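Order of writing sets the labels: A, B, C and D. Residues in every chain begin at 1.
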């Protein structure tokens, strides 16, 4: 069984979800099934984590030919980069079932489906398979958002769906282009990710394919200025969906860049990295500043999430191992901080029936445990040392300085930007005097407290003992750059797009 | 000599564990039944006291070593390691950090004890001590960290704790705002720190990013990068240590409980900047320009804060500006490469400033949280212990020989003069006079003269022993700490300077006795003039003045807060609103919207074309056919 | 000879079955239901026979059978399979449809089978006049089926439009055939190809003009821009199962003969590439733009049919004349047929009496009342939209791959953009079904029926086809 | 000689096209289509003569047969339409549009 553990982690939730939808199960059964299956996936993932060798290469490989004439395989595998996103998915999603109960069965079924699809996208090592999971993971979100979202859910649903599909279809064209190029250059069909690094891509079409990938990922991440679907979708979506979107799905966009764009399009990447890095930085500042103007705490968190994603994406564009590792680390950290903040926002909304910051106040005194949890997640989100948020952010800024001083300095402002809106919100919601809505605020129940506890512990543990986690990531990230070593030789000949900014070496 | 030990990590761990324990106890009990305050108090004091004992142990361990090999280190574990970047969770105790450790833990412990009395009856008693312990723990990490990154943990930690403690009375909006301000302004500084670290790392960090390795490789650093690093790190220091232009948070930080102010101003937090510059003395010594900039920023801050201090009416704000001003001195000291003098001033300042704050707290407590000095007066009789101890503190602050402040401040001014920074020295002397003036203005108004608020005066009484005993201990420190670094001219042997010598890169200029006497003389004269001026105006009781002209301007702190608000805060908020209300829907989202609009328009156009007349469809076919024929004849020829 | 006839067996079965059904209904031997089942039986038997031929492996290319008029290769067999399956599902869902509509007579099913025989012949034909005859066999049957509801003026209008424009296009086909015959002296694809290979395509205006006219006729039947305008109205006027039949079976047959004609010679194909490029792009976009403005589901599906014709034209542009297998086209047709037929069979039982529910709004909240039907419809829509893991996605994937492989990157990208645009109107129906409260209970729909069985079988097919690996 | 037949055929074809797109009467339209088909037949016969084979004649016969079937259907449709609206103007039948 263990050689197929990835398939199990992927298809257990999918099959369970489909069964739930197909049978007249009631919502208690659905919730129970969801809990059990997601816990089962967690157990499998933990087992996988402990057995992971950290060689830097893919492990737990499964490979079954599918469309042999085109070299499409059902192939799975994880390396240090995907392992962490996989773990974030498996660890975080079970929480949802414990926290929110007043929903229909389809809600749980969709959650299971999205979990399976996301895991599939993370583990797939064939581009076509990846694409299939990539698209499939949008569908449950579409239904969850449309069925269980807030009042203005329909425009938000349409926008996120059309926007992301538009991007991903462009990626499909790019994927096919890669497959065809591989056929042209090596005489055999293949869509395997690891083979694509051997491709020698040049010219205008290659640049277009690069943008095909980049736009798809930029929309998913979302990178400025492709983020406009985000505030509405995050705000209107039910909490669990927002959580899934921000904690995992957005990360798969970043993961895609690392997996596809970085090894395959080394030339284009070297040429456009600076532009993309600026987009990341601008997005971070833009969304961070916009967050301060929000009156709805969920929307504020949405902007905050977008702001952080800008920084995470930046780490990938900096083309050095510190920044990349920082990004991967920050992916998990962000999932545990901002992602969890969305869950807390859901708890707030559930108990006070409002999302307006102005309607709340004084909750810290009413609910000290909740306030403590919230504060820890918030501090992780603003990157306080000792929490998970710091390590990644620090390494990204460090790497960005190396990449381009100007970008690095701007990236550093995330320290300030993040803290501004977070403290402002914390002040309004948790400090000051209670309002009628928050007057009877109940603290977290024992079950809720225990459910969140692992994440809170994880936030602290990731801040204090990051190396236990990094040990599994770094072999893979270091490999990304050692693999493109020969490419680096000819990327040296590439003139990057001219953007103002100092270079450290020139100082 | 065995330099590797295993107990360094315990020093910050004691208070941190206390913080976690107390915090959890508080969180889980505060809304049910209250635990006795004494339990929290005891738990809270255990950590700092144990740390203090450990600090003594370390001090003596170091003392037992040969002077140039005085260090202890501990690598607890690898914190993170990626590529060239290896960061250990490591601790380093050398003379510099051991000195810091000693007084931080000592004063920290005293403040903890004092707080038991001060916070009596507060509903968040447990929370307060949890924060206080956390604060001290962070500071100890900052002091002990063996690399800039570990230091940064404490650096940010104290920032966080200052936020938590300043907004401790969290139902008041102003308090929380003050907390926010402290955290955000500190974050601005932290940005500088992080960027500085990054530059340093890419410059020389690949061989190891701890102080030892950095010191060994500092000569490889390109001059430009070195200057940038120094200045960026100094930006961090201005944030933490409240220097121009980031000093604005410190006076507002008075919103927190008074022991917190004492802690922030004396033992932790604000001295971190000075300590950091001293830590990086090898770097600053490498770039002279950076040092000069540091010194000038410091001394100008000292001047500015002294001006503000002369017109404050809140007893704590007077002290707050005096702190900013004294910090300016310290930076002037480290800026002119007199690191030991700067650190010595940190050391003495810790005693007398803690003393003054705790004394002020005692006064405030006695007057039921009245802080306006113009509502006080004549308290000398009611609170003799407080008065005497505070007087000692005030004399030390003003630089009256032989109190501790005199020696340390004098050392700085002398160093400035000796190293040829005449301007800095001159401003320093001026500020010394102003310091004496505003300090004694406060003393005279509060303790002398007639009571201005009879009702409050009648109810005022001396504080309990748990508060006064720390005052007395601190007073002893404020009196005698100066003798530890007695310069040769007074027959001393500059113990502290020699102790610190292995840790900091400095060279003592050799000047004649004449210069030294000028420096001392000028300081004493300035002190005397200042105290005379204060006495003549406030010595026999004075009424609250109405400010006008420059005084009014200074009373309003040159409107710097308002300026920042108008230039930075409000525009920032407006930009945020503009992005959300205007830019996002009309600019960023415009392409998306216009595409969908275009799409719908084209859709309705095509709908019109479906007219329903079959003849027209035939015409479409013929038109299409004709166009295609044309096209064909074009392409095929 | 026996072997040749064996390979024609499906066609023979269908033809004989059609005649038998016609006679039986003329003599009133059978009622509507048994006619439906009878036609379904004919289709099923023919389908199984065809399937057994397909599974038997590579058939011999017998170019001289019937003097080179017909051919039975993998492509024609695959297309034949699709057509027979379409016929089968159409018959079955018609049976349910006529439980709610009362204009049925047993001849209806006979005509369905007749149409299928024309389609089958069309897939196999290798000659212009037999193509014309097959086309007309198919079309005449379909004309009648479109106007079958004689009491309905809309159906009459639809048949008028279809017949008039169809005959108009048929005239072009004959004129084109005449030109090609005049220049080459033959009407067989293979010999035309030889002639062009020997003498060059661009040299002779008669061939160019003739081929152009033939293409116009095919493009008309395939509903390509600018010959698409009739499709919307005719599909709208026809009854549900027939609309589905037209959209799938007829299209399959047309694209089969289209492809067979185009690959007759490399020069012929090359000569039309640029032309077809623009036609396919315009077809996709025109279809999309028409579709977004529609309120009626049938009209929307008709317009989406135009878009899919555009994709198939991409495949035609990208086919290789040397090693033509038609696998991509056949796969796409199968995938498209599964989706479209599925929707129409679902609509056959959901639309109610006299097709009273046909607009988007009529299906609001369907998921609350009929969750499984709504789920099936969503699957079909997603397949048509090309969302994985449905057959529609794989079909689109193969088409785009073949286009890029043939160097048509621009066309591929435009195809992708078009499918982004198409997403909106497919999603619109899903949104209506799922995200609104039910306005009515759909109580009058036939609860469990042949049509619903077809629907779920097709929903299963959508996934099954997607997993079936294709050998290009 | 062949050219004359071809010109005639093309002229007839064009007349048919013009008839289809310009006339509104259903009958006239169908007659125009018949004209087009017959012009094609003329071309077939003429080409048959050029190639000196009988193929063209066969083809013409085929086309005539199909045209006859179509015409029969067309007449049925005409009757149907007349029953509905009592008019044979094609513009009357424009319920389906948009």
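In this text, a contact is a pair of C-beta atoms (placed from the backbone, for glycine too) under 8 Å apart; a residue touches a chain by one contact, two chains touch by 3 or more.
From a predicted model like this one, the values you see are computed outputs, not experimental measurements.
Chemist: Would you mind naming the chains that touch subunit B and likewise touch subunit C?
Modeler: A, D
Chemist: Measuring from CA centroids, which chain ends up nearest the centre of the complete protein set?
Modeler: A
Chemist: Between what two chains do the most C-beta pairs come into contact?
Modeler: A-B
Chemist: Among all chains, whose Cα centre is located farthest from the one for subunit D?
Modeler: B
Chemist: With centres defined as the mean C-alpha position, give me the subunit B-subunit D separation in Å.
Modeler: 96
Chemist: Quick one: report the Å distance separating subunit A from subunit D, using the average Cα coordinate of each chain.
Modeler: The mean C-alpha positions of subunit A and subunit D differ by 65 Å.
Chemist: Provide the C-alpha centroid distance between subunit A and subunit B, rounded to the nearest whole angstrom.
Modeler: 36
Chemist: Roughly how many whole angstrom separate the Cα centroids of subunit A and subunit C?
Modeler: The answer is 43 Å.
Chemist: Please output the residue numbers of subunit D that touch at least 2 other chains, ranges allowed.
Modeler: 20, 29, 90, 93-98
Chemist: Tell me, which residues of subunit A touch at least two other chains?
Modeler: As it turns out, subunit A has no residue touching two or more other chains.
Chemist: For subunit C, what residues touch not just one other chain but two or more?
Modeler: 160-161, 164, 168, 232-233, 293-294, 424
Chemist: Write out all the pairs of touching chains, ordered by chain label.
Modeler: Those chain pairs satisfying the definition are A-B, A-C, B-C, B-D, C-D.
Chemist: Quick one: in the complex, what on subunit C touches subunit A?
Modeler: 375, 382, 386-389, 393, 397, 400-401, 404-405, 409, 412-413, 416-417, 419-420, 423-424, 427, 431, 434-435, 467, 469-472
Chemist: Which part of subunit A faces subunit C closely enough to touch in the complex?
Modeler: It is residues 21, 66-70, 72, 128, 131-132, 135-136, 139, 142-143, 146-147, 153-154, 157-158, 161-162, 165-166, 169-170, 172-173, 176-177, 179-180, 183, 205, 208 of subunit A that touch subunit C.
Chemist: Which residues of subunit A touch subunit B in the complex?
Modeler: It comes out as residues 159, 163, 224-225, 227-228, 231, 286, 289-294, 320-322, 325-326, 362, 364-366, 368-369, 372, 379, 384-386, 390-391, 394-395, 397-398, 401-402, 408-409, 412-413, 415-416, 419-420, 423-424, 427, 430-433, 443, 464-467, 470, 474, 477-478, 504, 507.
Chemist: Under the touch definition given earlier, write down the residues of subunit B that touch subunit C in their complex.
Modeler: Per the stated touch rule, the residues are 599-600, 602-607, 609-610, 612, 614, 616-618, 620-621, 623-625, 628-629, 631-632, 635-636.
Chemist: Within their complex, state which residues of subunit D touch subunit B.
Modeler: Per the touch definition, subunit D meets subunit B at residues 17, 20-24, 29, 90-91, 93-98.
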